[in-house]
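Heads up, the thing below is written out as structure tokens.
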Amino acid sequence: MSDNILEVKNLNINFKTFAGTVQAIRDVSFNLKKGETLAIVGESGSGKSVTTRSIMGLLASNAVIEHGEILFKGQDLLKESAKEMDHHRGNDLSMIFQDPMTSLDPTMTIGKQVAEPLRIHGKISKEKALKRAQEVLELVGIPNAKNRMKDFPHQFSGGQRQRIVIAIAIVNYPEILIADEPTTALDVTVQAQIIDLMRELQEKLETSIIFITHDLGVVAGIADRVAVMYAGKIIEVGTVDEIFYQPKHPYTWGLLSSMPTLDTKGAKLSSIPGTPPDLLDPPKGDAFAPRNPYAMQIDLEAQPPFFKVSDTHYAATWLLHPDAPKVQPPAPIVKRAQEYAHLMQTGAVDTPSEGSQN
Amino acid sequence: MLKYILKRLGYMILTLFIVASITFFMMKLMPGTPFSNQDKLSAAQLKIMNEQYGLNKPIWQQYLIYLGNLLHGDFGTSFQFSNQPVLSLITSRLKPSLLIGSQAMIIGSLLGILLGAVAAINKNNWIDSLATFVSIVGISVPSFVLGVLLQFFIAFKWHMFPIAGFDNWQASVLPSLALAVSPLAQTARFMRTEMVDVLNSDYIELSKAKGNTRWQTVVKHTLRNSLIPVITILGPLTANILTGSLVVENIFSIPGIGEQFVKSIMTNDYPTIMGLTIFYALMFMVMLLITDILYSLIDPRIRLTNDKEEN
Amino acid sequence: MTERKKIIQVQHLKQYFSPGKPNEVRAVDDISFDIYEGETFGLVGESGSGKSTTGRSIIRLYNPTSGKILFEGQDISKIKNHSKDMLHFRRNMQMIFQDPYASLDPRMKVKDIIAEGLDVHGLVKNDQERDQRVKELLKVVGLNPDHVTRYPHEFSGGQRQRIGIARALAVDPKFIIADEPISALDVSIQAQVVNLMKDIQRKNNLTYLFIAHDLSMVKYISDRIAVMHHGQLMELGSADAVYNHPLHPYTKSLLSAVPLPDPEIERRRTRLPYDSSIENNTHDQRQLREIGDGHYVFCSEEEVDGYKEQMQK
Amino acid sequence: MEDVKITANSFEKVQADQTADQEKISAPSLTFFQDAVRRLRKNKIAVISFFTLIIIAVIAFASPILAPRDPNAQNPDYANLPPRIANTNIPGFRGEIKNAAGIVTNPYETNNVPKDRTYILGTDYLGRDLFSRVLYGTRLSLIIAVIATLVDLLIGLPYGIISGWKGGKVDTFMQRIIEIISSVPNLIVVILLLLVLKPGLSSIIIAIAFSSWVTMARLIRAQTLQLKEQEYVLASLTLGESPFKIAMKHLIPNLSSTIIIQTMFSIPSAIFFEAFLSFIGIGIPAPNASLGTLLSDGQKAFRFLPYQMWYPALILCILMIAFNLFADGLRDAFDPKSE
Amino acid sequence: GCGGSSSAKAPADTVRVMSKDVIATMDTSTNTDTIGSQAASNTMEGLYRYEGKDIKPGIATKVVKPSADGLTYTFPLRKTSWSNGDPVTANDFVYAWRRTVDPKTKSQYAYIYEGIANAKEISEGKKPVDSLGVKAIDKHTLQVTLDQPIPYFNELLTSSFYFPQNQKTVDKWGKKYGTNSKTLVFNGPYKLINWNGPDNTWTEVKNDKYWNAKNVKVKKLQYQVVKDPSTALNLYQSNKLDDIVISGDTAKQMRGSKGFNSRQMNSTFYIEMNQKKQPVFKNEKIRQAIALSIDRPQLTKQILGDGSTPANSVTPKDMSFDPSNKSKDFVDETSASGNKYTKYDPKKAKKLWKQGLAETGNNGKKFNFVLLSDDTDAAKKQSEFLQNQLEKLPGMKVTLSNVPFKTRLSRSTSGDFDMVVTAWNADFPDPINFLTLLTSNASYNRGGWSNSQFDSLVDKSMGADANNPQARWQDMKDAQNILNDQQGVVPLYQLGEAHMTQTRVKNLEISPNGSYNMVSLRIHNK
């Protein structure tokens, strides 16, 4: 595991609120290798942001880290001083936020904003920093970067702004780049461009990326590995192919099958009924049980441990218990698995692609 | 921008014209005459006086003459200070008011901003409560009570500043302080609300993610953005402070414009009242214009277009 | 079936903001289309292409700069405010908004939000009936009827969107404009809402104008799709035709950008950039021209043949 | 996980209804307003402030009953007596005061005041009972504050809403009017009104009313401009709701925090404005007292008879603080999200 | 500078005086207030100057006796010069006086010249300005001709309205003359410097060209306008001011302390009752009842506290004396009638009130009178007090109306009041100045009290008996007695001005004309 640049171990985070204690992160562990992209998916409120914010040391003031470790190159970030964390942030750890419209200071030129991390960490001259900022802006594809350095955020389109935010994040060649739903606020065309850009940058810079989203389509396009979160826990983790073609957790099944495909026409979309549990008072058993069509008695009583599916694939569902009855996943999942199996055999021939040809 | 300013100036002139007209006719409604010895004035004298001040003509003629003179920058001469041109009266009285007024605004807004910022940063803890309390007390104490207290304790008892008068800069400190409290309290409360909002915004988050320390974040990104709305209240506040300073001017014996204003009203000094009113209106509008321009300078998102007013 | 009833006819609609001023925005620039009774008409396009503006013009939140909108044959701009016709119009056309957070008054209880239409149109006689109806509606949209006294912020995004749907349904409309009703929702919730909308459509014989930028969902729900770009329609046709056999380069580009939850497809995907300059290099007037059966493309006369050829393939 | 007991039926599928809705029981059926009151009640500071206000208001309005003496009854022989509660020995209420030379004297003795006479807050220059005057004065100031607030609400609010809602030319025109009104110094308006209408409570109120609503209107307009683009307002429009109803149902509740905050600024400014008018001699006509007249009289005597200023100032401060804290609470109460 | 201890050292040769207001103008022709006349007295010299209560020669070399018919005064003038070096000549007087009566000058005090030949006609625009009865016999002799004898003409001449003006300077500055110190030349003990019109402070430095400069011992006078009483006291107690005016509670509290002094002014306050609006006031008993129901000692001691004294007559005390016996004060001479109704006697008041009501057929009727008064602090307190006292008369309700001075004047003039508290400040120290206020057709007689006998006595004193001091004196006493008996107006008090004066300052004395004579001012530094 020495190639793990980041290891999160048994992280538990609570929030003190007027209404009580919100158990936002419950025993989350995962790791990130150098140069890989880990996607964290999960529904709104499942704890994706809290997890990544805890890595950046940017939790809200009412957060309490109950226990756990966040090892960055073997060093526990949770034990570092505020000053040391300031040093990490924007330097070897970077973050991109969801909304490009609001993540830039509206009153500062973008040149300065991009150069800022350099100035904070690099102790280089203003001119040099600006020069470098310009290079990075060109790198992320801002046309005419030289002149546009003096412009303010509102003079850019949403896609361009997100590029600028990315430029800020990568200007110091971070080792880990955390992108918290970087494309959710963008429309599909721009989203596609941003994803391409991130892939490109990763190749060039060899950065490790944690990519948060709830859009499985995006995940399919960018991730090497995927962690699926539900109600403050990671419930399934595996390589992107494992998650998409051989998912084991009923929640992942639900997610995958609720996306319409070509042939769902007319038929009802399969959806996940209900809403996520209240983290003020999480259920005793499997948090997903109330929405789970495959729920078993034990799901109401105990939280499932991780069951190993393969070296890279784990899932926390009692369905994987050796004693559990074998169930048939929903049809779309079965179909996916079949298509995948077929693909594996034929050595990846034509995919049933639509719209990707002229 | 130039076009915008020109258009605003156009509106200003229109407004001034209306204000001048309104005050002119209001003056005509005011009871009493400007002459202190009316009963002893001979008919001939009254006639000559009325002629010279143009009071004998029909009101609409007086009005036209007044407006005509205004166009030439002639505000007429004061009744109370015989032969003293209103314009020079205003300008000579303006300096002290401007000095204490602007000092009060500077002290008030800076401290207010500081207080508001400190409160916002420490939101919901005792520092915040303390700051809130201070600003509430600030709005609860009338300036004349404060003026008297400052004078008695700081100047009279502790000899820190002059008691009254306007001989040197030191003398302007206490009146400025007395006047500063209300803008201080108001900016503090405004600033706090604004800054709490800004502190919750994404770009502050990003600033932290860049590795800025708490203070760097506040200085580089928070203050400026929270200031933008605060600036809008500073304009009217300044205009008010400049004219509403009568009480403090009285207590500290400052020959300011607020005092003059009340006095000219009390002595039916029509030309001075009108001059001061127009001056006040002008000041008010200039302050608004300045704040709008400042606003656009500080906030690059705002372009000074004529449509801004519709937003 | 050949003579289907047109519930909406949009004819040369132009909707400009601040017309004539330097900051003029041509949000919608001369579009025409019809929506037939009972169908779902999908409107897609990137952000800012004028989709919402089109929807809002149809429901008369804006007065068109020029052009005509007919609802059941009646020119909606001729309906007088406060008239009976107006009430009728307001009852029969409803809207579901994009933002589940902004579209519900944060200071109103759910029952009052839903009952607003009932009150305006006098559809209930007393409070009891009102409560009854509200609870029914909540059940229809799959919410717990006991939650009538809650405030919007006490609901999740998907639930809020259901409340928005219930509000629209309360007045029994014939036609609903759904302005990106699902794009702010979680994937797992999107399906719930879309299913719900389809259910209701079937039960109440509703017509939808479904606005979205996510082509895959639009394709799923729509019978016909129009693709919008810079205030104009680029392509219009049956959902299958537009999705499976896109003709206009813009449509193709848009489709190539839609992410699919399939790593293999994603690995192979190439994005097609759209170069809008092709719109400029003809002398001929560009407009929607029929290429195949009910399949229209925004093009000039001379391009028609090229598209026809493409369609044959 | 170690202690998980796996039994035979552990892996039995559960019935759908077992997993049914586990959401909390819904809140009682209250109106928005009742709800706000309920939330307000939970806010301790606001409740304390509210009761402080109520107590002050009740005492003030009951002053005809509660005041120990006629506030206008003069007794020049007993002028300027310091606070004293007869037959007690509470510091500050012994009837003693330092004179100009710094010597503590007891004017009660020098003026031969009967031993059992209590002037809790002393007397003024005409020998009137200050306590009674403070009570009546508070009442008057409260009346002014309340009426100024009403004007704010009755003129400023509709004006701002109409201006913002209508937009366009109507708005521009209405804004011009506001600009003109706020450019005319209100002192001039006031004095004119007072001279024309004869000084008195009503003319002071009219004078305050004339310009006090302007700020409210301006703020409300700005907010309305934003609110009218909100989707829930659009939704209401598409339901055919009339603009008036939209204003009542959607705009006003959502403007409430602005309204409350602005009201909190206009209450003290009304009270202060009256005090200012008293200071320059055109406030409430004698012999009636307001907090303003009491303060301005007290201020003049501050050097020798500081109690004449402290007590009205104290009441004013308490009032203001209570108003402000209550307003903060009220604002939160009107926001369902604050829970 | 900043700081300084409370007993900051006062400058050795400077006296620092509080002024209640700014100087409105230094043009003696257009000045209307005491601040202006004080500044004029300090910097200009007329024919005479008061020293204490005595008239002493100024530019005139002696106090002149009129010709036998009392109509001609010939003044020999001193050779002295203006501060610009020009000699002060008789023509300067002629010029100044003509300028004042000239209606074009708009002097509001032109009426003061009435009695000088043709003055009235000139100010009415009926005669040319040069017909005024004043001429320069030669450079240093001035002759004044009167229409009718003015027994108090010498007193009049002490006032600043009769000061000379340097024609060259006035012509040079035109309208600007008197608006700032640069436009002025001086011939008096001090020169005004650094004064720009509406300033709150001004300085007067000793004028070495003044003819009596050797007797001017204080080098510098510093004036500061202070309006707030506690500020004044703070400044005084910090030794920043040498003389301050105090009033109300401050005066009451400081009474008896070192430095406290009260200066009696030739000024009385009285109530006028509007007989035109309220016919009951025509009844003499009603007026007497009002007079009796006011506790004047309490008013002056408890309410005003500034050294004002109860008045039993409109004419002030200590102002005018029997021409044959300087120890006989006019007011004392008439006190028998004066005291009848000015002693506080609520019982008698009620009785008379009832009788008066009965006589006028108003038995048991309720009245609501508006008491008009100024809006100054003292005036308001006093109104409140009067209100309280008057309301003890059964059926009488009093509403207060405290308005700015000018508003009060115009409302009095237009008769828009029931009762008004009026003050009259002597233009010159002679009873006639007060008595003429109340003749039937006097413009200042706003109450409308009218008594033919009173009118004829006043006329006689100014006409037939004008040249007979003793007869004139008797006429005035008789008139005063009638007024007192009838309570045509109800006298309240004679104004006292309470001051705090540093002990080092000596001889700061007020003259009968209301100005201080700064020539005799002295400093005794310890």
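We just call them A, B, C, D and E in the order they show up, numbering each chain from 1.
Here is the rule we use: contacts are C-beta pairs under 8 Å (C-beta built on N, C-alpha and C of every residue); 3 or more make two chains touch, one makes a residue touch a chain.
What you see is a predicted model, and the numbers here were worked out from it, not measured in a lab.
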{"item": "Steps needed, at fewest, to go from chain C to chain E via touching chains", "value": "2"}
{"item": "Where chain B and chain C overlap in contact partners, by chain label", "value": "A, D"}
{"item": "Of C-D and A-D, whichever chain pair has more C-beta contact pairs", "value": "C-D"}
{"item": "Central chain (distance from its CA mean to the mean of all protein CA atoms)", "value": "B"}
{"item": "From chain A, the most remote chain by mean C-alpha position", "value": "E"}
{"item": "Identity of the chain that, by mean CA position, is farthest from chain C", "value": "E"}
{"item": "Chain centre separation (chain A, chain B; CA means) in Å", "value": "54"}
{"item": "Separation of mean Cα positions, chain E and chain D [Å, integer]", "value": "48"}
{"item": "Chain centre separation (chain B, chain E; CA means) in Å", "value": "39"}
{"item": "Centroid distance [mean C-alpha coordinates] between chain D and chain B, Å", "value": "25"}
{"item": "Multi-partner residues of chain B (at least 2 other chains)", "value": "31-32, 148, 152, 265"}
{"item": "Residue numbers of chain C (touch at least two other chains)", "value": "none"}
{"item": "Of all residues in chain D, the ones touching two or more other chains", "value": "21, 195, 299, 302-303"}
{"item": "Chain A - residues contacting chain C, complex", "value": "43-45, 158, 186-193, 195-196, 214-221, 223, 240-241, 244-245, 254-256, 258-261, 264-265, 268-273, 275-276, 336, 340, 343, 348, 351-356, 358"}
{"item": "Residue ranges of chain E touching chain B (in the complex, touch as defined)", "value": "1-6, 22, 24-25, 27, 30-33, 103-104, 106-111, 120, 123-126, 175-179, 196-201, 224-228, 230-231, 234-235, 237-238, 240, 375, 404-407, 409-411, 413, 443-444"}
{"item": "Parts of chain C lying in touch with chain D, wherever the complex brings them together", "value": "56, 59, 61, 82, 86-87, 89-91, 93-95, 97-99, 102-109, 112-113, 116-117, 120-121, 144, 146-151, 153, 164, 167, 171"}
{"item": "List of chain D residues in touch with chain B within their complex", "value": "167-168, 171-172, 175-176, 179-180, 182-185, 187-189, 191-192, 195-196, 215, 225, 265, 268, 272, 275-276, 279-280, 292, 295-296, 299, 302-303, 309, 313, 316-317, 319-321, 324-325"}
{"item": "Touching residues (chain side chain B, partner chain E) in the complex", "value": "31-45, 47-49, 52, 77, 80-84, 88-89, 92-93, 148, 151-152, 155-156, 159-168, 170, 250-255, 259-260, 265-268"}
